[in-house]
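See the structures that follow.
Shared between the two complexes below is subunit A, which has subunit B as its partner in the first and subunit C in the second.
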Partner chain A sequence: MESSYPHLYEILSHIQGYIFPNEIDLQWGILIVVYPFITGLVAGAFILASLERVFKDKVLKPTYQIALLTALSFLLVATMPLISHLAQPQRAYEIMITPHSSSAMAIFGFVYLWYLMVVLLLEIWFDYRHSMVVWAEEKKGIMKWVYRILTLGLNDISPRTVSWDRKLGYIITVVGIPSAFILHGYVGFIFGSIKANPWWSTPLMPIIFLFSAMVSGIAMVMLIYMAVSYIRTRTLDVNVLDAIGKYLFFVLILDFTIEGLDQIHRIYVAEESFETIKLLVEGKLYLTLFISQGLIGTLIPLGVLAFLQFYKGKIKLRKTLYFITGIMVLIGVYSMRWNVVIGGQLFSKSFSGFTSFKVGLIGIDGTLMAIFWLLLPFGILTFLLWLLPPWKMVPEVEE
Partner chain B sequence: MKFYVPPQLKRLAIAFAVFIVLFLVLRKFLVPDSFGQYGHYRGDSLADNALPEIHYAGQQACLDCHQDIEDLKAKDVHARIHCETCHGPGQKHVLSGEASDILKPDSREFCGNCHGKNAAKKPGTIVQVQLSEHNTDKKCIECHNPHQPWEMKE
Partner chain C sequence: MGNEGVKSSRRKFLKSAATASGAILGYSLLKSSQYLVYAAEPEDPNLPWYGIVIDVEKCIGCGACAKACKNENDVPVEPFFFRTWVEQYTVKNDGSVEIQSPNGGIDGFTQTVPDEEIFKSFFVPKMCNHCAKSPCVQVCPVGATYDSPEGIVLVDEKYCIGCRYCVQACPYGCRFIHPVKKVASKCTLCYHRIKKGLAPACMETCPTGARMYGNLRDKNSEIVKFLKEHTTQVLRPNLNTGAKLYYNALSSEVR
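For the complex of A and B:
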């Protein structure tokens, strides 16, 4: 008997209870966890940059360009986990050339393109145009031409034109904030709109994704700012860390509150899916939800950040605490993506069974691939910081 | 009054125009020829999907030869279960006609896949049997005809 159905018996060993055949294997693996994580970093980093520009928070100035370039580095990679997860990745571009309005993913392609072309690239271009013209004059050989191409051949740096760079950049930032909200809210919408899945289907999903995106993006920019200062052997300005830490603290409170409200709503309403979701979070998601996302990623960072709002003592201790908190927050947000993406596929729509997920190491859908896509943005960022160093920019003239 | 347009905007307008034209040109070449032939998809994908080897023959192919079994089944609780649910993929058998090309499962465990006691299944819909207690020395099909389970053999 077993010899006739060897595959079936292997499958039955990793399911519990009653489950439909098409639910046994998870369609969305670790790469789909990485995708909202990376997109979130983009939106979060951009929103931090916008805070400096729109609300004129001068303390954050040293992080402004770093945040923009971080957002660009991650945005360039954001679609790659999705594309490499496809069975036919060579056809991925068809989503852009033959879009259908009923496809949430196809429209996402255009949301992404809008954000890349009209928001990020333009803002960085306006920001760096003056410096790039100067660099093109200074450099020799191939770099001269690289900067000349990047300026689109426009070498007008008269005060009037440069002041227009600032004005236009400001307009782009103002347009960019809602765009960043839409970009990441859309990622949440893609999950929240799947009405057959009670773990995903909530109108709060875009908002939850957005706030956790801001949390992770702010933490990532803080860590990159620390790393950049360390590598350039410059003294790390703890006032900048305090300013970022303050925003991180407030956004983390909002994120925690909204996710908490979502859970309270779930528990109080206790729809027919509640029993199975209760088993899910107390069982298969216990480690990643309560320990990793709740304790390590939210409660401890909240406590430490609250402490740092009052404690203005030893600078070295504060820097260390910010560093550790940043990493913990990133672990927490990654776990949140895991809990949503993997958690939502572990239970059966019959509400009386579970499957299990074992992540692979190699292969196009494996951990190594996910790590590669997570590390690539840092390589791109290193290149961008070399090409467009914020510390060598032409200083802005106060009007 | 002459309306002032910053030089950056003029340059960007050209860059965006080039991009849009490039996009449209590329689109012209990249859209598959058979796209839109039947609907909003690549028409040739139908032929692609027809390429994989067929394993399941479908209920009608079974009835072409085994109408007698269908008549038996129609009288009892297995009426709505298709032949290939238990006998497995049947295309090979349909083509060859050989009895050895189709499964005839007869073990207690096989019947237990549906009828074994399982707390997760809704009670009262499918008959649940405790395999470790119910006539443990016999195969299910020694008493029950799988095509007509309640027409007992003895």
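For the complex of A and C:
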């Protein structure tokens, strides 16, 4: 009998206190940690792109297309960990065909499609249309046709049409900002609306998810910008890093404040579940919450970024610090997703005990699969940067 | 009709069309906001509206109910999947509480706390609360879990996508993913049996009659009489799940 569910029998010996018998296995594993992390990168990267466009922050210009293509690359992968985690993945389409109106999860498909089709693809298309028309004329063979198809046959590049491209792109960006907020705030709502789970159930959850998304997206675009400059052997413009760093600093402060507020509120009101959650954060989540998310992901980056607001000395040092900070911030946000998703399932809803979680290496919800879904967007991004190189675009004519 | 006439009638048409579509949109928005709040309501007055009573004072912790349920409902025998189980609570003299449910109580219980340390001890059978405002039904993204017209929460196994959101949403830990069927699974109050007038397996087998179910609408039913004569309580009332599983003599330690 023991051979049927060896991992569950192993967990059985690691249970602390009392849990309901059905609670032994975690329902949502590492793939559901990866999913909000990826979606957050999409929303964050898009918001950074929008800053340039809507608020006309010219310094950020070199990161604009990179940010958009990063958002698209991650968005294309965002649903994969979700679908592959379903027990019946072949029925995934039901969520689009017969969505249940009272379910928070049912709306995901629509929010996702709206964001992909209406916001990102359209914006990128308006952005690149002029260049694609020019590239279609320059290139030969298959690539000529690829660009021709991508222009959808709209080859008019008169100044009037091009300026319309820009205007429409601008409108989409304006629509896109609330859409990005909805996309990721909504992911937070999926967790925040589960009243049975006191670790998740807070109206601040969408806001926390949103700000951590912006933190991770901004950090990711910064790192990708650095990597792209390095690969193309171009000099990295430290002013761009300073500009991104400034945004990262402010958003990180907001993120830290709101998450801190959430924790202080929990401690102060000390509801029914308080003792259990206290044991959770001091025990099973200690490393990922205090060390990984708090210290590595938040406090040290805040200190370094604060220092970089004033320090304008050695360029090499600044670049190195930005690079390290970016990676630390990403580790912090990933840990935050872990703490929410995994942490929320480690304690029993009887508030009397804890189950245990050990992530496997192989299998559809193992570590390797999670790493694959995290790396795939970089493959897509490489392809997109090759297909639509921002540095070869037709320069915009200032009006 | 002159040119002016055409224009004015067109304007009129556009006006009324705009009003009508605005009204439809407004109504549908209002209506959809109600969809956010989930609650099952008895629709057909000819059908029963079922509730359950568990009398904690009568339970002897034999675990026959949990065993009968597994046999009846094709629940895997491993100790990780239960539609119903029995918990043993032991409140110690120092106020601490020990809870256990080894194999759901199927193999019986052994008291591990020495007699002199025990303040009180009792058994609590658990099963789906068949909530009228079920969080599990509310969150199902495809509507695969639903309320029967009799107020019983069921799962359509051919439709469930296995997203596990309902398992997360149930505050009572009553759901699991069936390891073979790969869909959400839970107590159906033996819907297949009660439709034929038979009692659910757990109730049929209970030697002390600690569990009963009945029609909450029928003011002369046994269950309504019981609820009238006893002080009962539902689990986690603060969550407003509209639980229809009423416990008699429930101690405050139980969640």
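In this text, the second predicted complex is superposed on the first by the 388 of 399 C-alpha atoms of A that agree within 3 Å, B and C clash if a C-alpha of one lies under 4 Å from a C-alpha of the other, contacts with A are read in each partner's own complex, and residues count from 1 in each chain.
The rule is simple: a residue touches a chain if its C-beta (ideal position, glycine included) is under 8 Å from a C-beta of that chain, and two chains touch if they have at least 3 such contacts.
All values reported here derive from a predicted model rather than from experimental measurement.
On the shared subunit subunit A, the superposed partners subunit B and subunit C overlap sterically. Contacts of A:H100 after superposition: both subunit B and subunit C are touched.
When the two complexes are overlaid on their common chain A, residue A:Y230 makes contact with neither subunit B nor subunit C. In the superposition on chain A, the chain among subunit B and subunit C reaching more residues of subunit A is C.
Touch criterion met: A:R129 reaches subunit B, while subunit C stays clear of it.
Within the superposed three-chain model, A:F110 lies out of touch with both subunit B and subunit C [touch as defined at top].
Touch criterion not met for A:Y286: it reaches neither subunit B nor subunit C.
When the shared chain is aligned, no partner comes close enough to touch A:W145: not subunit B, not subunit C. Legend: residue contacts after superposition of the two complexes on their common chain; A:S352 is shown touching both subunit B and subunit C. Judged by the touch definition given at the top, the superposed model places A:F307 against neither subunit B nor subunit C.
In the superposed model, A:I24 makes contact with subunit C only, not with subunit B. Stretch 117-125 is the one of subunit C that runs into subunit B, the other listed stretches 117-125, 189-197 or 225-233 having no clashing C-alpha atoms. Judged by the document's definition of touching, subunit A residues 1, 4, 17-18, 94, 98, 100, 352-353 lie at the interface with subunit B and also at the interface with subunit C.
Those residues of subunit B that touch subunit A in the complex are listed here as 6-9, 11-12, 14-16, 19, 26-27, 30-32, 35, 40, 88, 103, 105, 107, 109-110, 118-122. Across the complex, subunit C meets subunit A through its residues 32, 35-38, 76-82, 85, 87, 97-101, 104, 126, 135, 137-144, 159-165, 167-177, 179, 182-183, 238-239, 255. Residues of subunit A touching subunit B in their complex: 1, 4, 16-18, 93-94, 97-98, 100, 117, 122, 125-126, 129, 152-154, 156, 161, 164-165, 168, 352-353.
Per the touch definition, subunit A reaches subunit C in the complex via residues 1, 4-5, 8, 12, 17-25, 27-28, 86-89, 91-92, 94-95, 98-106, 108, 190, 193-197, 272, 345, 348-353.
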